[in-house]
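One chain, chain A, appears in both complexes that follow, with chain B as partner in the first and chain C in the second.
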Partner chain A sequence: MGLIWFQIKRVFTLFRSEVLVLPSRVAVLIFVAALVLLPLFSQDPYLLRILILTSVFAIFAASWDLLSGFTGQMNFGHALFFGVAAYTSGLINVHFKIPHFFTIPIGALAAVLTGLIIGIPCLRLRHTYLALTTLAFPLILMGVVFAIPDVTGGELGVSGLDRLSGSRLRDYYITTILMLLLSFTMWKITDSKTGIILHAIREDELACRTAGINTTRYKLMAFCLSGFFAGIAGGLYAHIMRTVGPSTLEVSMSFQVIIWSIFGGVASIYGPIAGVFILFPLAEVLRVVPEWRMLIFALLVLLTLLFMPEGIIPWIRDKIEKQCPRCKIRSVAIRKTCRVCTADLD
Partner chain B sequence: MIQDIIINGLINGSIYALLAIGFSLIFGVARLVNIAHTAFYMACAYLIHVGFSYWGLSMPLAIVLSIGLTTIIGLICYRLFIKPIREYEAAVLIATIALGMVFQEVMLIAFKGHMMGVPPVATGFVIVGGVKVANQHLLVLGVAVLTLLATWFLLMKTRVGLAIRCTAQDSEIANLMGMNVDREIMIAVIVSVVLAGVAGAIVVPLRVIDPHMWLPPLIMMLAVVVLGGLGSVKGSFVASYILGFTEAAVAIGVPMGSFLKGSVALSIMIIVLLIRPEGLFGIAFEEER
Partner chain C sequence: MAEQFLEIRNLNKSFGGLLASNDVSLTMHRREIVGLIGPNGAGKTTLLRLIMGILRPDSGAIHYKGKDICGRKTWDIVNMGIASTFQNMRPFRRLPIIANVMVSCLSPRAMTRGEWVKRVEAKAMDALEFAGISDMALEKASTLSQGDLKRLEIARAIATEPELLLLDEPFGGLSPAETDLMAKSIKRLHKGGRFGRLHSEGPAMIIVEHKLQQLMKIVDRIIVLNFGTLIADGAPDEVVKNPEVIEAYFGEGGI
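Let's turn to the complex of A and B:
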């Protein structure tokens, strides 16, 4: 009994000293709680639908960040993973009647395979070459999709997929929880030793190689991981929309994910997620002025960038938190001294 | 069929060359990946349409005015949106994407997404080697070749061109040698937008104008630039004709070709890159720091 009490107290102390001291961690906590508790207050199907799609795209954007933000391998064709997974899940679901518990993972595996196939040749290329080459892959696939309409349905795509679950509410919980879990996994990956290596590859690949790290292997791993998470997003999307069309492979889809991620702030995982949670609902709200919608959206992105070129989340974070110059641990901006080593801030 | 392939290939190739050289120039001088480049091409096409059909200007006047206006718009966009955030590569990237979207949406609102066309300047045809060739096509080719020659002259034979090439090689050293890097970048932006404008003017009588017309050439332009080697004007030139002819040949010669033309052209680009990662005429950069 005493032991349990001790453990509870320990967790509570940890919670108070590690989570409550930093506004960003509190914000994440509130965000998670709000997502989980939202259906208690409103079950408006339209709202839930938007949030379901937002969650799916949040996974997608975070997976882009894992590859392009952390490793610095600018991927302009991220829709490839999304589209491959969506088409794979859609086709095997419709033709072989395999339930979605299996089609979504199979779709994700297909995306991993795609990551391997395009990763191996692409890793010889650097920077802009890589970015512009990856842009080509989804378009090549799109041409193939249009050219064999008997299999892929051509412009109309594959339709009549299984529902994700019976009800909107269950869909909401599946996607939201999955989004939180997968984002946490991605964040854990980037926070581990592997993540540090990925950071190092972005900052200086040559130095990284000199330090004895097989950068090609790590970059390939980043491609596959990113493909896996994007693939899950693609599979989920296919089952939510219940139809897969060539729009999943479009250039605008690849650009969209870049806009979300960079707007939110790259190389942080939570940045792109926040970017999607701000921009996607915003684009929906702007449907009240349908003609001006995209124009306002693009102008907002442009103007925000003029003032916060690193993205919105790093900008806010630097306003409310300060990094200790000595121990590199973050504290609230209102503190005069570091919360750990009591060195003077700023 | 063969003559169709040759003519279409030459025209496609010339348009891609005009676009790709402009893109290469900005990339070389300012290290900007300007996704909005083809948006200027679209803007110019629309301005010509407005000048010709709405204001009743004569075609040459409309073309010259539109290219001038597009250049001014391009400069304003650069000063307002790109210059303040130039150090942040990622931000510049989506700023140019957003800029392209802004152009598209403005056209969509202003012209309601109707497909529009402009009548050709030259009518009739001539017989070249037993093959009928429309005068318009010849005119297009002539203008494209002249513009490309002029660009080559500007870059290779004038002091401005020398300064631009220096800045492209190493902007810090160019700055130390007394070149005004900011000014060179502005000149590069002007030249590049003018080239995009000329491409737009050439396309206007041949294709339909619609607000999404900037996307297909964008992809091909990027493919051309990568295939030819980034920053290499000669490479862009050769690569644009390779891809232009491939597209024309696939579109005309293969069943379902119009869907596959992009795929085949892009596959060629990827295959070449697998063999030569720096493109056809690119220089293998030492690790840049």
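Let's turn to the complex of A and C:
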């Protein structure tokens, strides 16, 4: 009994000293709590539907960040992973009646394989060439989709997929929790030693090689990991929409993910997620003024990037937190001294 | 015949019509420090890049510890025990300095050596300590001065615990006092031993440098390149008396 009490106290102290001290951590906590508790206040099907899709696209955007933001392999055709996984899940679900519990992971594996296949030719390419090449891949696949309509359903796509679950509420919890788990995993990957190497590859690949790192292996790994997470998003999307069409491979799909990520702040994982959570619902709200929608949206993104070139989340973070010039640990902006080493802030 | 530590045979490399390495042959043994000099554009950096596998030679062979390393990947060569610095420093600018060195510590070679295998960060810190920039470990590399970037280059190179170290102008951009310090560090490194968790094999070295006076103090031997051709190879005081070298080097208004 005493032991349990001791543990609880320990966790609480840890919570107070590690989470409550930083606004950004509190914000993450509130965000998670709000997502989990939201259905207690509203179960409006339209709202839930938007949030379900938001979560799916958040996974998708974070996976782009892993490859392009961190590793610097600018992918302009990220929809490829999404589409491959969505089609794979859809086709095997409809034709072979495999339950979604398996189709989504299988779809993700197909995306991993795709990552490997496109990763190899992309190894030698950099910057603009890489971006243009990757842009082409989903379009090629779209060509294939239209070329064999007997299998893929052509323009109409594959429909009649199993539901993700029976109810919208359950769908909501599945996608939300998966989003949180997968995002946390991605963040952990980037925060690890592997993450340092991925950063280093983005900064200077040649220098990374002369440090003895097999950059080929790490770049392929980044392609595969990114494909895996994007693939999960694609599979979820297929089962939520219950239909997979060529729209999953469209250029706009690839570009949207880039806009969301840059808006939120790249090379952070949480930035792109926040970007999706702000921009995707906003785009839905703007549907009420369809003729203004694109204009407002474009202006907003443009203005943000003009005034917050790092993205909105790093910008906010710099406003509410200050980094200690000595130990580089962050403290609340209102503090005068660092919370750890007590050096003067600013 | 005993196997040479490093043996370069008839190495050729041209860029378009320009011969940057013209039939270069040289050998080195395990404990040697060799100075590599020559006027600007003589092909010194090119030679180091050929050894590192960053460039592929048009013809010729490079044998390191009896193995042909021509055509191998750069990271394989590094993991075999050759490390190098860049003349024009190439740090990972947006990473903290400590992370810059940790990348080297995460290479397979560094990871499998020493008893502190897991303590990557501590080892990186010791490399920084050796290079004399450990107090700035948490700063972003983009904030460093030229001299400190040179030190960072050295820290990154020694973190892989090389047996052959290729230094491209380690004194470039350093003040005379800093140059002396750097020269001392290089000597110390060459002696070998432990620097905290970092182990020095007492690497053989090839040092490219324009500051001849300081270079003469640390090297056992000097090699001179001119227009990609090796024109002299011998003891420092002999080489500087060599008329051909004087012609090539000082004739262009060098020093």
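Just so it is clear, the second predicted complex is superposed on the first by the 346 of 346 C-alpha atoms of A that agree within 3 Å, B and C clash if a C-alpha of one lies under 4 Å from a C-alpha of the other, contacts with A are read in each partner's own complex, and residues count from 1 in each chain.
Following the convention adopted for this analysis, a residue touches a chain if its C-beta (ideal position, glycine included) is under 8 Å from a C-beta of that chain, and two chains touch if they have at least 3 such contacts.
Since the model is a prediction, treat every value here as computed from it, not as a measurement.
Visitor: Looking only at contacts as defined up top, I'd like to know whether chain B or chain C touches more of chain A.
Guide: B
Visitor: Kindly classify A:I196 by the partners it touches after superposition: chain B alone (first), chain C alone (second), both, or neither?
Guide: second
Visitor: Applying the document's definition of touch, where does A:V285 land relative to chain B and chain C: first, second, both, or neither?
Guide: Once the two structures are laid over each other on A, A:V285 reaches no partner at all.
Visitor: Name the contact category of A:L206: first (chain B only), second (chain C only), both, or neither.
Guide: Both partners.
Visitor: Touching A:K328 in the superposition: chain B (first), chain C (second), both, neither?
Guide: Touch status of A:K328: second partner only.
Visitor: Applying the document's definition of touch, where does A:L132 land relative to chain B and chain C: first, second, both, or neither?
Guide: In the superposed model, A:L132 contacts chain B only, not chain C.
Visitor: Just to be sure I read the superposition right, which of the two partners does A:T215 touch: chain B = first, chain C = second, or both, or neither?
Guide: A:T215: touches chain C, not chain B.
Visitor: Indicate the residue numbers of chain A shared between its chain B interface and its chain C interface, in ascending order.
Guide: Of chain A, residues 204, 206 contact chain B in one complex and chain C in the other.
Visitor: For chain A, which residues count as touching chain C in their complex?
Guide: Going by the criterion above, the answer is residues 193, 196-197, 199-200, 203-204, 206-216, 327-328.
Visitor: Which bits of chain B are touching chain A when the two form their complex?
Guide: 27, 33, 35, 81, 84-85, 87-88, 90-91, 93-95, 97-99, 101-102, 104-106, 108-109, 215, 218-219, 222-223, 225-226, 230, 256, 259-264, 266-267, 269-270, 273-274, 277-279, 285, 287, 289
Visitor: Where on chain A does chain B make contact in their complex?
Guide: 74, 121, 124-126, 128-129, 131-133, 135-137, 139-144, 146-147, 204-206, 251, 255, 258-259, 262-263, 266, 291-292, 294-295, 297-299, 301-302, 305-306, 309-311
Visitor: So in the complex, which bits of chain C are touching chain A?
Guide: Checking each residue of chain C against chain A gives 52, 54, 73-75, 78-79, 83-84, 86, 90-96, 99-100, 102-104, 106-110, 120, 138, 156, 159-160.
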